[in-house]
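Heads up, the next two complexes both have chain A, just with different partners, chain B and then chain C.
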Partner chain A sequence: MADSFRITRAAYLESLDDFREFLKNHCGGLLGVNTDLLYDVQLAVDEACTNIITHGYADMDPGSIILDLGIDSGKLTVSLTDFGHSFEPDSAPVPDVTAPAEEREPGGFGLFFIRQSVDDMKYQVTEDGNTMILTKNINPHDGGTA
Partner chain B sequence: MNQLDTFLSALGHQAYFLEPLTYASTWLFERRGFAYVRGHKLMNDIHREFQPGGILHRCLDGSSVFRSPDQARSVRGRAWAVHDGILEALDLRWDKIRMVMQIGRHAGVETFPGVEY
Partner chain C sequence: MKTEITQEEHITVVAVTETVDALTAPDLTRTLSQEISGGHCNLVVDLTRVEFMSSAGLRTLLGAVKESRTNGGDLRIASMNPGIDKVLKMSGFYNVAKVFPSQAEALTSFSS
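And then the complex of A and B:
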């Protein structure tokens, strides 16, 4: 049976530390969740929240970001819900990661990093908010703990 | 509120929204499980500045019945000061707060924790 945990914070950059700490407190020490895996999830959440803060709540007095964490034997699921402007992930420009650093456009790497860091990413817009669902598979045989 | 949740859920809704008129009612809706569409940062800013040393705390100078120093410690005291215009000290207004209730899911927001109403 899955365990679930929730934290809600205001959508500004100061809240990112709270989300990182929350993930560390609930995932660190779990079988199969080593330091690298935890870092991947924290990075994906960092990037997703930064997108919400800078784009979702742009031109608004920021509302909330709700982080729901689900822990199952085989995977971690993080759902991030906000109530700002929605976006279409598939229409976001794909950054050219092969270009020389000096020729790259600044920004645009958030979704790239998220997709690289987790095993699955879904985005849905419903009546009760915009929700990004990030899934990270756990391999219990990795053994290490964060 | 529970009956409203049940009723709206029966109609197929997943969430509903409201715009609280006062600081006090906003705090009460938080305790009921609402999150913020707009105004979460404003509520955090208000709480921070009502702490000793904060700008709003300094504005509670006893100059009127709405600016008594002990008002920082209660929701109702802060509400009186907010609606007396104390937010002008932060160049802010009590405006456009919008909250959301995800039916069956308590958001757990607490912008003025551990306090009596």
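And then the complex of A and C:
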């Protein structure tokens, strides 16, 4: 049976720490969720929330970010909902990870890190807000907890 | 995030602890930029005690690497936290700067 948890915070950079702590508190002790896997989920959520805070709510009053966490034996599901500007995930350029320093421009890794860190990412826009759904597979037989 | 700055002969060591995210990365950017503009162009940024770093931290490091080289120096990284290493590897940061598993090895690399 799946467990679900929710945290809602204002879309400020000061809230990033709260989201990471929330994930650590609810996922850290689970069988199959080792330090490495927890870091992946925290990184994906951190990058997604940073994008919402800095781009989604740009030029408007900061609203909220709702994080819904679903836990079952085979996967973690994180849904992030905001009410700011939506975006097109498929239109984001893929950064060149082979480029040397002098050929790189700052930034551009947020969405790339999200995709690299989770097993599935979906993004949907409805009249109820924008929701990014991140899925991370866990193996309870993998041993170790964070 | 906290930083501790020490001088090892001609190399400045900036040891970072806790978290480097979009909130705290601008502080690290300012710290590194102040060191470089103050003439300390050879730096080791020690990330071995950083618990979490996002792409905001990479943006800071990339800018500081470029700034140090523009001023005739170099910035090298010490990192042994698996999470931080993963972020560095995913972004191909090993093509950007030299990364060592310890502060001591990063320091020694400047004399070889």
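In the analysis below, the second predicted complex is superposed on the first by the 146 of 146 C-alpha atoms of A that agree within 3 Å, B and C clash if a C-alpha of one lies under 4 Å from a C-alpha of the other, contacts with A are read in each partner's own complex, and residues count from 1 in each chain.
Rule of thumb we're sticking to: a residue touches a chain if its C-beta (ideal position, glycine included) is under 8 Å from a C-beta of that chain, and two chains touch if they have at least 3 such contacts.
Since the structure is predicted, the reported quantities are computational estimates derived from the model, not experimental observations.
Trainee: Based on the shared chain A superposition, would you classify chain B and chain C as clashing or fitting together?
Mentor: Chain B/chain C on chain A - fit side by side.
Trainee: In the superposed arrangement, which partner chain does A:D36 touch: chain B (first), chain C (second), both, or neither?
Mentor: The second partner, chain C, only.
Trainee: Given the overlay on chain A, how many degrees, to the nearest 10, lie between chain B and chain C at the CA centre of chain A?
Mentor: It is 110 degrees after superposition, to the nearest 10.
Trainee: Figure out whether A:G129 sits in contact with chain B (first) or chain C (second), or with both, or with neither.
Mentor: It touches chain B, and chain C stays clear.
Trainee: Of the two partner chains, chain B (first) and chain C (second), which one does A:T77 touch, if any: first, second, both, or neither?
Mentor: Touch partners of A:T77: none, neither chain B nor chain C.
Trainee: Output check: A:T8 vs chain B and chain C. Expected answer is one of first, second, both, neither. What do you get?
Mentor: First partner only.
Trainee: Have a look at where A:S86 lands relative to chain B and chain C in the superposition and call it first, second, both or neither.
Mentor: Neither partner.
Trainee: Between chain B and chain C, which one contacts more residues of chain A in the superposed model?
Mentor: C
Trainee: Can you work out, in whole Å, how close the C-alpha atoms of chain B and chain C get once everything is superposed?
Mentor: So the smallest C-alpha gap separating chain B from chain C comes to 15 Å.
Trainee: Looking at the complex, which residues from chain B come into contact with chain A?
Mentor: It comes out as residues 13-15, 35-44, 96, 98, 100, 102-103, 105, 107-109.
Trainee: Which of the residues in chain A come into contact with chain B in the complex?
Mentor: Per the touch definition, chain A meets chain B at residues 6-12, 60-64, 66, 81, 83-84, 126-129.
Trainee: Provide the residue numbers of chain A that touch chain C in the complex, in ascending order.
Mentor: 13-14, 16-17, 20, 35-36, 39-40, 42-43, 46-47, 50, 53-54, 95-102, 104, 106-107, 109-110, 112-113, 116
Trainee: In the complex formed with chain A, which residues of chain C make contact?
Mentor: 19, 21-23, 52, 54-56, 58-59, 62-63, 65-66, 69, 82-83, 86-87, 90-92, 95-97
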